[in-house]
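Order of writing sets the chain letters: A, B, C and D. Residues in each chain are counted from 1.
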Amino acid sequence: MVPLWMYLLVAAGLFSIGMYGVLARRNAIAILMSIELMLNAANINLVAFWRYNQPAHVSGQVFAAFVFVVAAAEVAVGLALIINIYRQRRSVVADDVDLLKW
Amino acid sequence: MTVNEWIFVGLFLALAWLLPATPIILAKFLAPKRPNPIKQQVYECGVETMGNTWVQFRAQYYIYALVFLLFDVEIVFLFPWALAYNKLGLFALFEVVVFVVLLVVALLYTWRKRALEWSS
Amino acid sequence: MTDLLIDIGLSRGLAVLIAKTLGVFALATVGLLWTFFCIWAERKVAARFQDRLGPNRAGPFGLVQTVADAIKIILKEDIMHQGVDRWVFNLAPILSVMSVLLIWVVIPFTPTLIGVDLSIGVLYLFAVGSLGSIAILMAGWSSNNKFALLGAFRAVAQLISYEVPMALAMLVPVVLAGSMSTQDIVRSQHVMYLIAAPLTVLIFIIASMAELGRAPFDILEAESELVAGYQTEYSGFKFGLFYVGEFLHAFTVGLLIAVLFLGGWRGPFAEDVPALGFVYLLLKSFVGYFVVMWIRMTLPRVRVDQILDLGWKFLVPLSLVNLIVVAFLWKILPGTDSITSVGDALVPSLVLLAANILMIAGVGVLLREEGRRERARIMARRAAQPVSEPGSVADTAPAGAGD
Amino acid sequence: MELTVESLVFLLFSLITLGGALMVVTTRNLFHAALFLMLSLFGVAGLFALLTAPFLAGIQVVVYIGAIAILIIFAIMLTPQVTAVPPTNSQWIAGVVVAVVLFALLATIVTPLLSELGVEGWGAVFTEKNPPPVPADSIARLGEAFVDPQAYMLPFEVASVLLMAALVGAVMLVRPARGAEDEAPQTGAQE
């Protein structure tokens, strides 16, 4: 098999791209998509470490499966928030939502 | 359980789309091509189309997708349970019932709040 | 096949690769060509249902009609109207066909002939099935047409609503067989799961009909409301691919019913003569396919809100209860974890059958009550306001006649 | 890295994943971004299959491509600004810098590059190549672990509670307010 660090490198790249998306995108939905990328990067790492270190144990897969649950819940509520904000302010630009900023 | 079982699926994904793509490409050479502005209009029962296509949709669609997503995740968790079912005791079934009932409660809530109505 | 290639002097890896590539093309080609026959068969059956003859000019019994249609449609102008999103527009029909063809990968045709016997077979079916809605979204969005977009959204709302009961129905064979591999599911059906879980089969058929987007669930392309739904702007062979995808899917539903519930290739002597297994599978899947056609020809179209209500408020709770009841009985019945012959399976199957009949009867009573209440509600509304509601004529119009 | 079929497939899926991800964060059109997100996540599913985790590959397709992506597209349609706003904000240069620095740091930690150059004590060395095989009944074991009180029973049930809470909360947020229908569309027809 390819050495473990290659998977980790792909995950690092995916995480960095997601990071850029979170920092630079204006549209809140795009930011949420970038967060999905980062979650997936974490998942690649979990599965890769499970495969290369402890394939006989289930823990790695279990954790990755729970990440899916968290991702689903996060997307559901996050998008609902965005839709609600859009209804009230007619905007999905994250910078416009600054009520709590000082 | 090996990686090899996926070779066929991978090859299928990589190659099989060529078959439905062939007639499209073939049609590019065989079919006539005489575009004119009227033919290329967006179809709207003979009326000229007005405004943006991306009209705003109702939130109803989102609610259905939402319920679907959460049930989807639940079902995915039921698959390994179903696979190992013969090795598990009755207690495992009880746990799964609890697992399912919790989400059904959420479905009932959505139902009671009339969010699952098409025309609210 | 692989051995033959090794014999003529190829390395093992290359031989496997070539054999698998040929397998891929064989499977996909057979699948697509089979559609020609399916279209002919369905048109013939539809004609008989409607007291017509159906295609009968081109070739014997009109068998070549579909080929002629294909040649015609390939020569039609392929209109790319203004504002389409080219790439997405072209990819959508291909993806739509692929999402059905991919199902064939895990269909066990004979004890030995199967694309690949994936260990997660049923989960794979579930995963591939969800690709179809992506294709519809892509088609609707890229068309730059309001009808197409609305049609796509309605279609996807319908598809995702019925994916949940469908997956829950597919879980029942997994529980009974203790395996997700389709080949294992076929092998463990000493007694068809149709006997053990008829309610599951019913749920599966209803959900599949909705996934197919056919009458009575054909709001995807409700002609009277949305022109042709997400296909409105498609012409030429791209439209043809959606058409092919639909018919292939209809037959594939028959295949899935045969594999998951009717024992696939199982039958007398199928283990010894694999070709016989193939014949059994075909016969069984035509039974499933015929049921699907029969429902299509018989029932009128259901309204969009009724479809979604039926999915979420009836099928989802029902399939959850069904899954749990079947699993519970399977656990408490003795000897269900070591079934190796028809004799072992018969008693548990019959007990499950009895339980299923009870469940179906219970559901029937519930439905009757609900129907009565609904009727009383409608009568009350009528009495209060004697004018008939606008739009009700279009909503209850029967589905389009044969194609 | 010697060129085997496996490494080629790995390379292909990594390129799909990273390329798709790059398009997600740079495309102007949000619908395209969502499609590229699907492509990228499909690449991740391929990587899972390559790591002998077919169950996770299946979930990845079912949950991400089949459900989350559709939810995202629906949300895009509910907030129709598909191409209206410029894709990036004013701090995108800072974003590039942060992402590149982060990637460089992570890369030096996970790759054996520095230890080969002779720098000691920086990062760990992840060069395992031949891990033991995955047990054949790995998925069934997963199913047992989920319902085993000694293992992951509690997280399993908590997952259901989380899903329930998410559903109730999201429905609460999205549900159109009773009576006060403030959804007057500014673009005309409303389905």
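Just so we're on the same page, a contact is a pair of C-beta atoms (placed from the backbone, for glycine too) under 8 Å apart; a residue touches a chain by one contact, two chains touch by 3 or more.
All values derive from a computational prediction rather than experimental measurement.
**Q** Return the chain label for which the distance between chain Cα mean and whole-protein Cα mean is smallest.
**A** B
**Q** If you tally the C-beta contacts for A-D and for A-B, which one comes out higher?
**A** So, comparing the two chain pairs, more contacts are at A-D.
**Q** Using Cα averages as centroids, what's the distance between subunit A and subunit C in whole Å?
**A** Roughly 34 Å separates the two chain centres.
**Q** Could you grab the centroid distance between subunit A and subunit D? Build each centroid from C-alpha atoms only and quote it in angstrom.
**A** Spacing between the chain centres: roughly 5 Å.
**Q** Go ahead and note the Å separation of the Cα centroids belonging to subunit A and subunit B.
**A** 21
**Q** Rounded to a whole Å, what is the gap between the Cα centroids of subunit B and subunit D?
**A** 17
**Q** Two or more other chains touching the same residue: where does that happen in subunit D?
**A** Within subunit D, the residues that touch at least two other chains are 6, 52, 54-55, 58-59, 62-63, 66-68, 70-71, 74-75, 77-78, 134, 138-139, 141-142, 146, 159, 163, 166-167, 170-171, 174, 183, 186, 189, 191.
**Q** Going through subunit A residue by residue, note those that touch at least 2 other chains and give them in order.
**A** Those would be 65, 68-69, 72-73, 75-76, 79-80, 83.
**Q** Return the residues of subunit C touching two or more other chains; collapse runs of consecutive numbers into ranges.
**A** 118-120, 123-124, 126, 146, 149, 153, 156, 160, 163, 180
**Q** According to the definition of touch, which chains form touching pairs?
**A** The list of touching pairs comes to A-B, A-D, B-C, B-D, C-D.
**Q** In the complex formed with subunit D, which residues of subunit A make contact?
**A** Residues in contact with subunit D: 1-10, 12-21, 23-27, 29-30, 32-34, 36-37, 40, 43-44, 47-48, 50-53, 55-56, 58, 61-62, 64-66, 68-77, 79-84, 86-87, 90-95.
**Q** Along subunit B, where are the residues that touch subunit C in the complex?
**A** Counting only subunit B, the residues touching subunit C are 1, 5-9, 11-13, 15-17, 19-21, 23-24, 26-28, 30-35, 39-45, 49, 53-55, 57, 60-61, 64-65, 67-68, 71-72, 75-76, 78-79, 82-87, 90, 93, 96-97, 100, 104, 107, 111, 116-119.
**Q** Using the touch definition from the top, list the residues of subunit A that touch subunit B in their complex.
**A** Per the touch definition, subunit A meets subunit B at residues 65, 68-69, 72-73, 75-76, 79-80, 83.
**Q** Please output the residues of subunit D touching subunit C within their complex, sorted ascending.
**A** Subunit D reaches subunit C through residues 5, 31-32, 35, 38, 54-55, 57-59, 61-62, 65-67, 69-70, 73-74, 77, 139, 189, 191.
**Q** Which bits of subunit D are touching subunit A when the two form their complex?
**A** Going through subunit D, the ones touching subunit A are 1, 6-7, 10, 14, 17-18, 21-22, 24-25, 30, 33-34, 37, 40-41, 44, 47-48, 51-53, 55-56, 59-60, 63-64, 67-68, 71-72, 75-76, 78-79, 81, 85-89, 91-92, 94-96, 98-100, 102-103, 106-107, 110-112, 125-135, 138, 141-142, 145-146, 151-152, 155, 159, 162-163, 165-167, 169-171, 173-174, 182-183, 186.
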